[in-house]
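As written, the chain order gives the labels A, B, C, D, E and F, with residue 1 at the start of each chain.
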Amino acid sequence: MKVNFPWEERPINSSDVIWRYSDNPIIRRNQIASSNSIFNSAVVPFKDGYAGVFRCDNKAVQMNIHSGFSTDGINWEINPEPIVFSPHGNTEVFGDYKYDPRVVFIEDRYWITWCEGHNGPTIGVGYTFDFKEFFQSENAFLPFNRNGVLFPKKIQGKYVMLSRPSDNGHTAFGDIYLSYSPDMKYWGEHKHVMSPTSFKDSAWQCTKVGAGSVPFLTQEGWLMFYHGVITTCNGFRYAMGSVILDKENPHIVRYRTQPYLLTPSTTYEQIGDVANVIFPCASLYDEEKDRVSIYYGAADTVVALAFGRISEIIKYTKENSLK
Amino acid sequence: MKVNFPWEERPINSSDVIWRYSDNPIIRRNQIASSNSIFNSAVVPFKDGYAGVFRCDNKAVQMNIHSGFSTDGINWEINPEPIVFSPHGNTEVFGDYKYDPRVVFIEDRYWITWCEGHNGPTIGVGYTFDFKEFFQSENAFLPFNRNGVLFPKKIQGKYVMLSRPSDNGHTAFGDIYLSYSPDMKYWGEHKHVMSPTSFKDSAWQCTKVGAGSVPFLTQEGWLMFYHGVITTCNGFRYAMGSVILDKENPHIVRYRTQPYLLTPSTTYEQIGDVANVIFPCASLYDEEKDRVSIYYGAADTVVALAFGRISEIIKYTKENSLK
Amino acid sequence: MKVNFPWEERPINSSDVIWRYSDNPIIRRNQIASSNSIFNSAVVPFKDGYAGVFRCDNKAVQMNIHSGFSTDGINWEINPEPIVFSPHGNTEVFGDYKYDPRVVFIEDRYWITWCEGHNGPTIGVGYTFDFKEFFQSENAFLPFNRNGVLFPKKIQGKYVMLSRPSDNGHTAFGDIYLSYSPDMKYWGEHKHVMSPTSFKDSAWQCTKVGAGSVPFLTQEGWLMFYHGVITTCNGFRYAMGSVILDKENPHIVRYRTQPYLLTPSTTYEQIGDVANVIFPCASLYDEEKDRVSIYYGAADTVVALAFGRISEIIKYTKENSLK
Amino acid sequence: MKVNFPWEERPINSSDVIWRYSDNPIIRRNQIASSNSIFNSAVVPFKDGYAGVFRCDNKAVQMNIHSGFSTDGINWEINPEPIVFSPHGNTEVFGDYKYDPRVVFIEDRYWITWCEGHNGPTIGVGYTFDFKEFFQSENAFLPFNRNGVLFPKKIQGKYVMLSRPSDNGHTAFGDIYLSYSPDMKYWGEHKHVMSPTSFKDSAWQCTKVGAGSVPFLTQEGWLMFYHGVITTCNGFRYAMGSVILDKENPHIVRYRTQPYLLTPSTTYEQIGDVANVIFPCASLYDEEKDRVSIYYGAADTVVALAFGRISEIIKYTKENSLK
Amino acid sequence: MKVNFPWEERPINSSDVIWRYSDNPIIRRNQIASSNSIFNSAVVPFKDGYAGVFRCDNKAVQMNIHSGFSTDGINWEINPEPIVFSPHGNTEVFGDYKYDPRVVFIEDRYWITWCEGHNGPTIGVGYTFDFKEFFQSENAFLPFNRNGVLFPKKIQGKYVMLSRPSDNGHTAFGDIYLSYSPDMKYWGEHKHVMSPTSFKDSAWQCTKVGAGSVPFLTQEGWLMFYHGVITTCNGFRYAMGSVILDKENPHIVRYRTQPYLLTPSTTYEQIGDVANVIFPCASLYDEEKDRVSIYYGAADTVVALAFGRISEIIKYTKENSLK
Amino acid sequence: MKVNFPWEERPINSSDVIWRYSDNPIIRRNQIASSNSIFNSAVVPFKDGYAGVFRCDNKAVQMNIHSGFSTDGINWEINPEPIVFSPHGNTEVFGDYKYDPRVVFIEDRYWITWCEGHNGPTIGVGYTFDFKEFFQSENAFLPFNRNGVLFPKKIQGKYVMLSRPSDNGHTAFGDIYLSYSPDMKYWGEHKHVMSPTSFKDSAWQCTKVGAGSVPFLTQEGWLMFYHGVITTCNGFRYAMGSVILDKENPHIVRYRTQPYLLTPSTTYEQIGDVANVIFPCASLYDEEKDRVSIYYGAADTVVALAFGRISEIIKYTKENSLK
């Protein structure tokens, strides 16, 4: 594992399973000159350090994704220009906007998925080998969809993607689905994965849920951080939980946290362009040292970092699982 | 062509491009003992006569699809029991409800598509060789989708399906898309086909549009009847238009009627379980005699029939096309 | 039983459990000079004939209830003036409007319940001994409530009322509850009785349900006709079902029809001030002859009558019961 | 007065203040070849007969206004082409659509007002001397507005217009206002005239009200027919009432009917493109014979005619006036 | 009165009638290990100190109520486990959730009321003698109801409860009602107490109002602190006012503040799980020293404390009363 | 120009076109004893210093406008009593509330416009010569309207006003219009000026836009600061942009910023009675020194100040103009 894994020990006196980085947010809203806000962004180990794909809304509040690099996972150089995608083969690619990227290495390249504006939101797909040249493939699904997250390896010979069918506004519902593809072009075998809970059972995730970080394979199955949403009388509030999906049949939920792991309770999570949002998009794992670092957007304005112990998170998820 | 093609000449004094059958509706709401209503149904030539797949809502208003047969296309025997699908291969298939079927013969079998209840509406897919045994394949798309209509032959070696991404209620928006599949299992290459118009340009289709009958190949391209919807202060009103899609690149609209071809104006279209609905789901063609017969649901209650001359419809669609 | 019980035999060729009176509607919208519409009304055996309480909306569409009398249950003399209530004791009684009455004889008097306008709808309660003098008691519940229906005798020494908690508009939800009172003044021991069904199980009653006719004690329990509502893209549609409640613990549903018994399908039910409404408010029973006559409002405009055999309805309700 | 005043006596046995023409509707939906519907139209005495301005929605449901002529006020020749307006002076005039016209003679010409589509609905204004050539002036008001109705003569030296401020959809509120103009170009001195009533007081007009026919000067003041709207669980229902405005200060309501004068209760009013609509746009008066003929749109589909005695209407309006 | 009454003098330079405790909030969101937030809670003098019932939402955002104790009313020990209620007699009691408790001593015991989840919110009722053992009675009312507050003694021999009929969501309306019960089981004699104001008269309370603290008998009548709500373009904002109810006929409002007494303007009131909420649930009185301490939930996250002089509050309420 | 022009240089290291005053907010929410909040206010040079008209919502959250004076434009004395208007001539003037004032000197007097409550919001108009005596004229427009802003001189001999037609709630749409008046009494020649953008092009202004400061004539045309609104899942967010209107035909937009100039990102803009609001209402210009000072309401709670260089703003607006 990396020498320079982003990490900070749990604060003394804290017994939280997940704790925040003490110098959050790690990326501020105007870190590049043109940006209104940088949030809901994804990172991945790359060479000696890390590469990332960042959601940067510019000062016209146009949404786009930018590449960036870091040696320590905390301090980031973000490209002031958005990623330019070349079409993969003779694919026509175009989008009104791009946001909420995820990134994952599969086999020989880094795949990027994001919310692509194409008569409403759907899942854009692209790849890069080097974070310099980028190629865009066909959109995975028909509109309306958001939060497309790929598994880091093929299962049963096929690519696997989680997503959340939506509508064309501030969708007030949302289940997570899983789909297969033989070729990253055609998708099918759609399986239902998980729904919002009842208000009674776990109100923080009773309006909608969406995939967050790229799933990571553990002994118990695929561990993923996801967001759940509650509707308050002042709008939506987004918090974070964890779920463990079956290794072989990853649409089967083995465990899923009834309590949240992280809820908006610091100033940078409670105030910003959209108050009360924690939105995980990536995680880094150091299995040897039993560490995970979670990157999440805060208040639709900045990027923040939180930490945990893999083994503890698995234990907690099992012990506090929804029935 | 069939000797017994369902047909009636244009009424004297009428200059309408499309005219109604004088003995409409051809299928009444309680034609089978258990039914509340039979509407939005599809037919296809079969052996010496015709076969059909019918939307029958039972008296609990549970939605299902039934097979039926006719020698003349007008008088139908509808099976009192819903179609039972066997899974295709090891596909898991299940649905909370089935409605609004379409049926089309491709290569060696009759494919059926419908709105399948699976955590909300999506496109169910099945097939039969004989209208006795039925097999259900994977759903084509993630929810939420309605009005999946297949082309009657492969294009560029792939199956082609129109559909209308939706939400999980009485969707107040709707564009038609087109998707490709190499195998009827995985779908991709999603193309946008057509949107609702502006209120100013053609108000009858300004809320949403959806594919109707199976496209039919003409000199000018693929001719299809579709529904368009306007939102009045008393709810939705559904009328029917025609569109001609490009032969080779069928997501390209060549002509599309600015005026409707048929709008609710008879009692059986204006009154029923849902007032003011004309919803075409199938058409039969007799090219030799330049005839087309259109089957449409009326007022979400009954099935009705209308007629036209293929050449006149093409001419009208071209001459009255939306800019 | 009455000689002049309102009755008509089942039409030949019909196998319906419930059938309509051939000369419906029995009360027309402007049967009294001031009325815009007369519907959702209740009747009860009285002396040699019948008395009734009628919802008459006047031509300013102000809602009020009127008394009426009939010798045959079909032809009614309705009082052109609304009922004037004297206060019961020193009760303050007042209401902005009155609608949807029910009437039932308990012990020594005829109790009337209705929807009383008092900062929104709630349940008004009154009584009469002779349908000449009327007294109004305290409202049974806090707003917002509708469809208060009393049982025809005390159970466990207490009065029992069904009702449907609502909101202050065209309520889009609604469960039936049951409450007890020792004295017709204070109410408590509220029990949940039944909810709307899922869309999948019985869509005609998936939006809301409300008590209809006064329950009638049979071998199987209390038989009641109720209304169920579905939300279409053009608004609500009201149909009628039956339910059998436990004799001793009447909040327990023993059987409840999955199919409707009657759905709007005649002109007078499908067209009117509010299209597609069947709303039962009363029934008359002739046990000896195994007959029941059901009075229902049609299209919020007129009163209609339907008939059935008690034994058949019980059988049907049991055999077609929701699981 | 005209010899050929459109008229039919009150039916025997009727005591209604307003009665319908026995051969309604007088204009059918497809009276001109291109029309989907003709309704909400205005007429005025012209030469030996009558001229009119008609709302004709074509088969693309584009809204426009057409001229027409009649010798008897009942049988109309409607111009198949919409009115073409030349700009008045160097006024820029343009509109996305035109609907719901009114027409009135003032001093030397016929003024036409209508709902003009200009970034949403507002009040278009034009004039003609001969119903051949038409000129369009500046729009009277900022959006959003509908139902602009001019008084037939200047008051205190100024033009006077009633209108109903709206929003950009199926407005669920609406009060009538009155504005003055010295020159038909600049408008001000806006006065509130009347609001919807409470649900309790006169429910048929509790959602919104809008000016209908051109006011007519009587002994008691300006008599006008207007529409009132109630919101049912199936959408809006439009009925007609009358109001008498003060002669000198016409924003002051002297009398206004609590009951409606006409409510949808015939098939052509209850069924059509929008069910349950009565929408008065014009009236003709024969003072000598104490007659008035009211033209109203029915069900947003056809034009119908109703009659009354001026003196009786005034009497009824006074005796049944809202407090 | 207690030696250890929670109190802090008015800040120098302040002339506010109500002032905040300088060390607010007194209870933090995670004061117990399992809690997401602790707010909207009630306290009562108990033995030498104080007992309380606290709304603790756990980290699954499940709502429940916990007991707690304090010697000074400021520092609280809250039981980490929710209150477990035994049924009173053979009452069936159950609830999906419990929130927003109030507590009051009447005659021989401490009565607790709260919002009980039972097919939507209604008023749960329970009691304790010692804050160790708890008993639950029948729910007072049918759903939907919130903010049930008991008077501290019987009036005319009956228990008296304020409540606010609601709907099943984030209710956008709300009046306060008052009901009587002879036995804490059956409730009736429902009286309307107060409505929201017009936007013009007192906009902070123009959406809804709800009872807050237990009424306290003064010379002028029953003094109560209540919440009022305004709808902004970013959701609801809750502030606090006072009302004085008639001593004998407590549904009669004698005085009610047109201005608020306290509005969200500190960080802990403006930021949290639901921004901009002040929600009073209890108050303590020291008549001798003319002091009142008000406990209120802040931002749906924490509990805060405010102080005032009883005599000044009464004076202010009278002098600034709504007409 | 004034010696005491309110000004502060751009912070070192900042390259922003607009920068905030370091001691913001300049007016706090309770600067006068009765106020809940003071925001959305307008200032103008007056004598040796400045005069202003301030929106002060009192503690009953009643909205009114107050006069104030300042020698330096930063420290203000605000009159604790609202402005009292005398009627201009025999104009009847009255309003339920007044808010969001603008003020401008034209020819011989200071004109004030504001949002006047008169059956919903519309544009109130008044004037003063000395900020002691005030006169109210006729409202400019019919309801519903907001943000009426006058040009500082007549154009083509007529007064010119910008405004934003609205509805009667928290309007979710809004275009800017321009109207002419010969006399400040009658208004006409309504021109459309600018619309919200598409979500894709400039999301911060995609819901609605409204005129802000009084336009100021530059070489390029009339420079104005305006507000734009985006709808987030937690409500509206208001930011500020600039527009340059054609000198002769001021309804023609020459340049308009695609990026915002200022968006809520300080605590006093992000938190308050309505979070995330920047609402410009006035600006002061010192052409000689190339300075502009912008007054804006922050979070519907306080008044803040920002600065810029006129030449830079013009340059930026041109270079970053929406296509």
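To be clear about the criterion, a residue touches a chain if its C-beta (ideal position, glycine included) is under 8 Å from a C-beta of that chain, and two chains touch if they have at least 3 such contacts.
Each chain and its UniProt protein: A, B, C, D, E, F = Glycoside hydrolase family 130 protein.
Quick caveat, the model's predicted, so the values are computed rather than measured.
**Q** If we look at chain B and chain E, which chains touch each of them?
**A** Both-contact set = A, C.
**Q** Please identify the chain with the largest separation between its CA centroid and the CA centroid of chain D.
**A** Greatest centre separation from chain D goes to chain A.
**Q** Return the distance between the CA-based centres of chain E and chain F, expressed in whole Å.
**A** About 41 Å separates the centre of chain E from that of chain F.
**Q** Could you say which residues in chain C touch two or more other chains, in rising order?
**A** Where chain C meets two or more other chains at a single residue, that happens at 234-235, 271, 275-276.
**Q** Based on which chains touch which, is the overall arrangement a line, ring, star, complete graph, or other?
**A** Looks like something else, not a line, ring, star or complete graph.
**Q** Considering every pair of chains, which are in touch?
**A** A-B, A-E, A-F, B-C, B-D, C-D, C-E, D-F, E-F
**Q** Given the complex with chain F, which residues does chain D contribute to the contact?
**A** Within the complex, chain D touches chain F at residues 118-120, 122, 138-145, 163, 165, 167-168, 173, 175, 177, 179-183, 185-190, 192, 195.
**Q** Taking the complex as given, what residues does chain B use to touch chain C?
**A** 29, 33, 36, 57-63, 96-97, 117, 170, 234-236, 271-276, 300
**Q** For the complex, which residues does chain B have touching chain D?
**A** 15, 199-204, 230-235, 237, 258-260, 263-265, 267, 270-271, 275-276, 320
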